[in-house]
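See below for the structure under consideration.
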Amino acid sequence: MNKFLGNKTAILLFILPALLLYTVMVFYPIVQTFFRSMYEWDGLTEGTFIWFDNYTRLFQDSLFFTSVKNGLIFAIIITVTQIGIGSILAFAVADAKIKGRKILRISFFIPVVLSITVVCQLWLSIYNGEYGLINKIFEILGLEYKQDWLTSSKSAIIAIAFVNAWQYMGYHFALLLAGVKSVPEQYMEAARIDGATKLQAILKINIPMMAETYKFCLVFAITGGLNAFANMYIMTSGGPGTSTYTLTYLMYRSAFRVGEFGYGSAAAAILVIECLIATLIINRLIARERISY
Amino acid sequence: MTWMMKLRKNNPSMQIFLWLYAILSVYPLVWMIFYSLKNNNEIFVTNPFGPPLHLRFENYVAAWSKYNVPAYFMNSLLVAVATVAGAILLAVMFSYAAARLRWRFSKIAHTYILVGMFIPIQVIMIPLAILVRDLNLANTYGALIVPYIAFNISFASMVFYGFFRSIPIEMEESACIDGASIYRTFFSIMLPIIKPALATMVIFIFLNSWNEFTMAVILITKESLKTLPLGLLFFQGQFTTDWGAMGAAMTIASLPTVLIYILFSEQVENALTVGSAVKG
Amino acid sequence: MKKLAITVMSFCMVFLAACGSAGNNEAANNTAANEGNKETATNAAEETKTEEAVPVKLRIYAQYADDDTKLPYDYAVAELKKEMPNVELELEVQAQDDGQKLKTYAATGNLPDIFQAGLDIITTFKKSGNILELDSYVDSLGFRDKMYPSTMNTLVTDDGHTYAFPYAGNEFALLYYNKELFEQNNVKVPTTYDELMAAVTAFNAAGITPLSIFAKEKWPTVALFDMFVTRNEPQGIQKLDKGQASISDPAYKDAADKIVELVKAGMLPKGATNLNYDQAAALFHQGKAAMFLNGQWEIAESTKQLGDKAGWMYIPGVDAANYEASKYAFSGGGGPGGYAVNPDTKDKDLTAKVAAFLSLKYAEYKYTERGNPLVATKVDKAIVTEYPPMMQQLSDDIAKITSTTAFAWGLSDAKFKAAIEDASQSLLTGAYTTEQFISDVSKAVPAAK
């Protein structure tokens, strides 16, 4: 068996193409980013090597802390909602007796198919303080609960996170559905014979069996949240003021609006490290859970 | 299955919730089509959510005349198909080796590939653009296809890795005993098992490539190679934007994907059932 | 199976080869490519000298999105066709991306022959040698003679050189108002802060938004701040940009205080910092907002929507005396910018000539057809579109203007620009204090030069 699974030629054949392409197109630029994060550089000229000055500056920049905090808020909101709702919908649609499963399945995925520009424009209209749908509903209900959804520095990041959560829930739904489908039927049969309720069966059998699926859903959601950029770029441009900045946005501002490419690279380097730590934590946690099961 | 029936009969709220959520999910599609037939005033002020009061097909005329839709469409399709094929092939081979074959650095290699998911594209844009130039890919389809494949490898590998990890080892043991080669095992036993994941990833990567804007706007300069999302550029001015025409451009760009998705979702459904049948 | 193995292997080979060439050629390639460029550049230059009508194709990166950018561009290109039929332009539409695309082009040596550059691009590209100094062409093409004395600031940068042929003149930020709404509600057109506050209160009581502003974009918020500053410091934000003032100076601090006070009193529409132009303008055009802030280019649209109900006012002062004294201290202004030339273009002389020609014709169209007299260069053609009354009033005032400042995009210090944009927008949320404002901006104000 070891010989079978340790076939050197096969391993090389399988991994080399991906590794090579990835190294050249993705990893090499990442290394460049780390390298350039130690430069004072505008992206065009030679630049000057300044060791860790960019990082020292970063840790004194209040905008950096705002950005990190917003990234975490964003990541938490999208992780909880996407995986939470995604799971409920996936288990419900996997149930062979739910009516119109096909239509439901297609519908849940529609927001993912649309471009992020369309979805952000829609939510901009919904959140708008003057003409928006949410405030209009409150008005019709006679409630004096009009909110500045995207223009209050406190709620804006949450409002934007929900847009992302809502749009990409479909991804998690599809991945989880594929996961549910991969759980062999006989396990569920066994649970049924034991007289377990549906919920019990899901909690005791499906979810532990889908540990790997949940692992990549978590990694995907959390790193996606920490990385968030397009939503704020389209919806608030980081505003009002700087209240919806994330590390990627800070990077973008530094590199292109301010012309400090080195400083922006330092922000990006921190982001990569942050994501790596998050991934390692997730791997640890889920691995442990599997052992306990 | 009677217990399930019972559960559902007692619990119609689930069914209602599912349908409400479905309506909420489909609304943006309808909204986009409404939007594409309005002018700025209607979009933002007088009627942001309802059907257009006056159908402005001129938005489509404007969008269509601005860019060569059939050519852009073919470019998008070609790039997306090549990206899907390349990324899936490379990722599935890599993640199989990383997840199941026995070699020393498999864990490290897996983590190494994963890092690609963490990097915002904006930050590596300049090194990437230089790379594309130095590899002589500039102004070829390769300028998009090669980076797209590379950037989709990370995510696809992570998903495939997860699926491969949950397959019991007995699968390979029996194949080995039957005298199948590792390649045969991979293609005829392993790939069919992860068909649900394959089908899902085909859609994901297709969409990623189809809707990609950031890299396309910078890496493609030749008119004959432009993809659909680049059409959005034509309507955003410094001070004003023709939102209606932009809506029309977005509709032209995304309606085909919706249709492709709906058609293709049949295949996904089949793939999903086949997948579980093999195991069940 | 063999087939597959072969395919996979050939895949590997391709990538290996690609990888290798990427590794060792990086630096060498760069210089080699540049050398090559220069060689072909001189060759091409010689060729065009001998053969005059050789067809030339030039890449141009320019704004081309709405009527205000498309029509003048089309006109300029049509005129070019008549003047130099051998030149063909290949247009790339400018992306609204903070110069990301242009900077990447510069980094990869793929810069178009002609590109539209603002002050920020000029400043960056100057340092890296990605923009051609045009001084000799300004003289040889007689461009200087075509400039108005008052618009020379758009031709020459602080270092005394020219990097782009300008077409836009000095433009202004104006405070528009709806005369009818003021009359109907018995509100005096404000001349002082107190009267402005009274107007805010009165309009709020009548259910009318006092001042509409599209603060989703950051520059109008900077313009609003600048308007208040110019009452006491005519150089406004430009003085900060040059490192000649401190944000904690009274003129700036008082302006921030006033804005916070007015915002808290309800001067702005709900969610102002997320209103785009269309939404904010609709409030004003439909008579739901009494005042509106925008550049003078808004005159055409407001006249169309509101007719002679629309007007623009002098900015309210601290008191009556201050109002009179600072009446002609305008906010806004122009700066270096326009069509710039890539130093690696094949035939510099020809490209510069084309860029200068395009700028002139662009300005000409804006002047004759778009009712915009605020262009950089003199136009000797008659106006086709009559000035609306608001523009007439402005053009009558131009000679009296004592000072101008700058729009946010005309600031030269990128760091200060980003900081003042973010901070000014925050001021309009009402949940941001003057102290925070001063502290956030002071970090980015350039040191005195």
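Lettered A, B and C in written order, each chain numbered from 1.
The definition used in the following text is that a residue touches a chain if its C-beta (ideal position, glycine included) is under 8 Å from a C-beta of that chain, and two chains touch if they have at least 3 such contacts.
What you see is a predicted model; the values in this text were computed from it and never measured.
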Item to complete: Quick one: point me to the chain whose Cα centre is farthest from that of chain B.
Response: C
Worksheet item: For the chain pairs A-C and B-C, which is connected through the larger number of C-beta pairs in contact?
Response: A-C
Item to complete: State, to the nearest whole Å, the distance from the C-alpha centre of chain A to the C-alpha centre of chain B.
Response: 15
Discussion item. How many angstrom lie between the centres of chain A and chain C, each centre taken as the mean Cα position?
Written reply: 35
Worksheet item: Where does chain B touch two or more other chains at once, residue-wise?
Response: 43-45, 93, 122, 126, 131, 135, 183, 243
Worksheet item: For chain A, what residues touch not just one other chain but two or more?
Response: 13, 17, 21, 24, 28, 43, 128, 131-132, 252, 256
Response to the item:
Residue ranges of chain C touching at least 2 other chains are 5, 8, 18, 22, 97, 100, 103, 107, 279
Worksheet item: Considering the complex alone, what residue numbers of chain B touch chain C?
Response: 40-41, 43-45, 93, 122, 125-126, 129-135, 138, 181, 183-184, 187, 217-218, 221, 233-243
Discussion item. Using the touch definition from the top, list the residues of chain A that touch chain B in their complex.
Written reply: 1-2, 4-8, 10-11, 13-15, 17-19, 21-22, 24-30, 32-33, 43, 85, 89, 92-93, 95-100, 102-119, 121-122, 125, 128, 131-133, 170-171, 174-175, 177-178, 181-182, 184-186, 192, 197-198, 209-213, 215-216, 219-220, 223, 226-227, 229, 247-248, 251-252, 255-256, 261, 264-265, 268, 271-272, 275-276, 279
Discussion item. Touching residues of chain B toward chain A in the complex: what are they?
Written reply: 1, 3-5, 7-8, 14-15, 18-19, 21-23, 25-26, 28-29, 31-32, 35, 43-45, 48-49, 89-91, 93-94, 96-98, 100-103, 109, 111-120, 122-124, 126-128, 131, 135, 146-147, 149-151, 153-155, 157-159, 161-163, 165-166, 172-173, 176, 182-183, 186, 193-194, 196-197, 199-200, 203-204, 207, 211, 213, 229, 232, 243, 250, 253-254, 257-258, 261-262, 265, 269, 272-273, 275-276, 279-280
Worksheet item: Any idea which chain A residues touch chain C in the complex?
Response: 13, 16-17, 20-21, 23-24, 28, 42-45, 62, 124, 127-132, 135, 146, 148-154, 235-243, 252-253, 256-260
Discussion item. Under the definition above, what is the set of chain C residues touching chain A in their complex?
Written reply: 5, 8-9, 11-12, 15-16, 18-19, 22, 97-100, 103, 106-107, 120, 124-125, 127-128, 130, 215-218, 269-275, 279, 283, 414-415, 417-418, 422-423, 425-426, 428-429, 431-432, 440
